[in-house]
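Both of the next two complexes hold chain A, though its partner changes from chain B to chain C.
After this line comes the complex of A and B, so read on.
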């Protein structure tokens, strides 16, 4: 009896070298759920666009900068990283870096464009599930990492540790949101919680270590910026004048 | 760690280089207005998601495979491209078949495959495949600038479109930079242990961020000299061809009828 429960997870873990299991593909969740996630994401998109318009009125470099950072997030999130222990690959989200530097609303736009590119060119994620994927990666990931970073800084933690924690939480909360979306979209009446548990369990072996790697990447990126181009961190309000 | 980062960067270069390859002139054998393509894609996706039988997604898969052969796109390339949805399909089918209850379809050792779960899994799997193939066909047959101008015609916010243009423009440049920095890091004993590798990878992202800002400063300077005032002009679309509109309508009516069956 036990093997019936263990087998699918074993196959999931062993069958693929590139388990890009992060973004929800087209066709998995129903049309109603897709529309619901789009509806939830639209206000964030428009707030993000409003923010970009306002900022680019005073600074002409802002739009090209967002374009470049989106390209960077796209590159980070298509890097399949083999996760130690389980022998599968997954990929970091890259939203922690963008939300810390650009702020959460603009980071939603960065994620939206990166996800659209992934869906169109690489068949990672999907077009009808774009709303759901933007919600998990763009909204949940960006806002959590930004909030954690700011909270840690207020508590007096250094920029590196704050970045590390923000990176970890961006990854873990994104996957938690994806698990919830999958469970709510696939579950029949009454089996939502058990399905959520199974899906979360399937994500744990890859996402637990990957979250820590993403934290390391975010901290490393901020450390390098702090050492070499502190002016960028000051310009983007990541650091205050006297801040460390 | 060293080995897997090597593979990761190589893979991402391959993946992004493939994007460029897809838009080479040889692949464009689907002469239809990009706006009509996007509209047709929208209807196909909506109908696939709302279909209640296996016939509709099967029809779409068949039509997609037919179009791929018509477009002379290598099927192996398409399979590699949709490997993620294929993997998802496999997992869904497996989990649904094993974790369900009810009538047993067949038994192998102690594993039971349940009929209800298998059919449900098959329905989702076919939907996923139909959607993935439809999106692939459109993205493989439409140049990026046409997608952008069509999105503009559909009144997608201009700011979003401008960011897409900038992203596409600088994607390949940043990836080349990433490979150069990575090789340089390796020569300076980066990626020598797990801890060192995470730090090196972080520095790689940090170095790319610095490059991003440096490029941005010089790009904006160059753009300003060419008259950039904060807006990128987007190509205006021509009017539709009657034959293409009629053809698209006939296609929609036919697939609508299949959906209704």
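After this line comes the complex of A and C, so read on.
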């Protein structure tokens, strides 16, 4: 029932705003740096495809679940959210949800698909910088949120709180990675650390509240799935025991 | 309790864009941070391969993308629900 509220709401949000693209656009970093980031994400892509093939054979629900989460990540990661205290717009990443449920490797593929469509049709990111954007959002965001979620669960936190914290960290670390990519791609000799600090600080006022919103989105999505298809959470090892 | 938290959360999400549109300009962090710092270092973004950022065309594409992805998400959610019914 709740999904019927959420989807029209997201569509309205998307349709009523201009594109406030976040990811690194074509031309911002040099071709050499772009190629390096592509090279770094290729192993994750291959491992992710392997995981999808393996899990699709064993679980009937896996393909619809990937389809649902890819659409969700696509929507969330282009949803511009104004931050009134700063006067800027930015958007969450959505990868924490996919990473927790599907695993970080499959989440890289989900992010890659979402980012490719955004770069092609929404002037959002770029094709030459696709590798860099997959690395920051797909690899760093997915793996960090997955690790945080698992750590929180081991510490005995419930899935909602663990998901909330994982969502926050997915957002913040994605932007930290973007800061690093920009600093490494733009810095002149001896300027790297100061530039990294400058870019990171510039992101903080917008991403601090947005990370909390992303935590809420992640917790909400997990709550929805917990209520509707708890069996999926158990099979995907998100829940270890019934009811916990 | 959980439904209440979800409603509060959605209310915050809904109110943010409304508050945001009362200001003069709500630039994305791409302009405020990425493009600004890149410009300081002599780099500017190049035109996208398919440039939909032209007038209201981008609004149309965003609406279309939102509609299609909403449909796709709904379709697969139904598939998952059907799977639950079979189990």
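One rule holds in what follows: the second predicted complex is superposed on the first by the 213 of 244 C-alpha atoms of A that agree within 3 Å, B and C clash if a C-alpha of one lies under 4 Å from a C-alpha of the other, contacts with A are read in each partner's own complex, and residues count from 1 in each chain.
Methods note: contacts are C-beta pairs under 8 Å (C-beta built on N, C-alpha and C of every residue); 3 or more make two chains touch, one makes a residue touch a chain.
Here the structure is a predicted model, which is why all the values come from computation and not from measurement.
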item: Chain B versus chain C as contact partner of A:158, first or second or both or neither; value: neither
item: Which of chain B and chain C A:78 touches, first, second, both or neither; value: both
item: First (chain B), second (chain C), both or neither touched by A:222; value: first
item: Which of chain B and chain C A:34 touches, first, second, both or neither; value: first
item: Contacts of A:49 with chain B and chain C, given as first, second, both or neither; value: first
item: Partner chain(s) touched by A:97 [first = chain B, second = chain C, both, neither]; value: first
item: Which of chain B and chain C A:182 touches, first, second, both or neither; value: second
item: Chain B and chain C contact sites that coincide on chain A, given as residue numbers; value: 3, 7-8, 11, 15-16, 18-21, 25-28, 30, 60-61, 64-65, 67-68, 70-72, 74-75, 78, 80-82, 84, 89, 117, 119-123, 126-127, 186, 198, 213, 216-217, 220, 223, 228-229, 232
item: Touching residues (chain side chain A, partner chain B) in the complex; value: 1, 3-4, 7-8, 11-12, 15-16, 18-21, 25-28, 30-31, 34, 45-46, 49, 52-53, 56-57, 60-61, 63-72, 74-76, 78-82, 84, 89, 94, 97, 101, 109, 112-114, 116-117, 119-124, 126-128, 186, 198, 213, 216-225, 228-229, 232
item: Complex contact set, residues of chain C against chain A; value: 2-3, 6, 9-10, 12-14, 16-17, 19-21, 23, 25-30, 32-35, 37-38, 41, 43-53, 58-59, 61-63, 65-67, 69-70, 72-77, 79-81, 83-84, 87
item: Chain A - residues contacting chain C, complex; value: 2-3, 5-11, 13-30, 60-61, 64-65, 67-68, 70-72, 74-75, 78, 80-84, 87-90, 117, 119-123, 126-127, 160, 178, 182, 186-188, 195, 198-199, 202-203, 206-207, 213, 216-217, 220, 223, 228-229, 231-232
item: Contact set on chain B toward chain A in their complex; value: 4-5, 7-9, 11-12, 15-16, 19, 22, 41, 45-46, 48-50, 57, 81-85, 87-88, 90-92, 94-95, 98-99, 110-112, 124, 127-132, 135-136, 139, 147, 157, 159-160, 162-171, 174-175, 178, 194, 198-210, 212-213, 215-217, 219-220, 223-224, 228-230
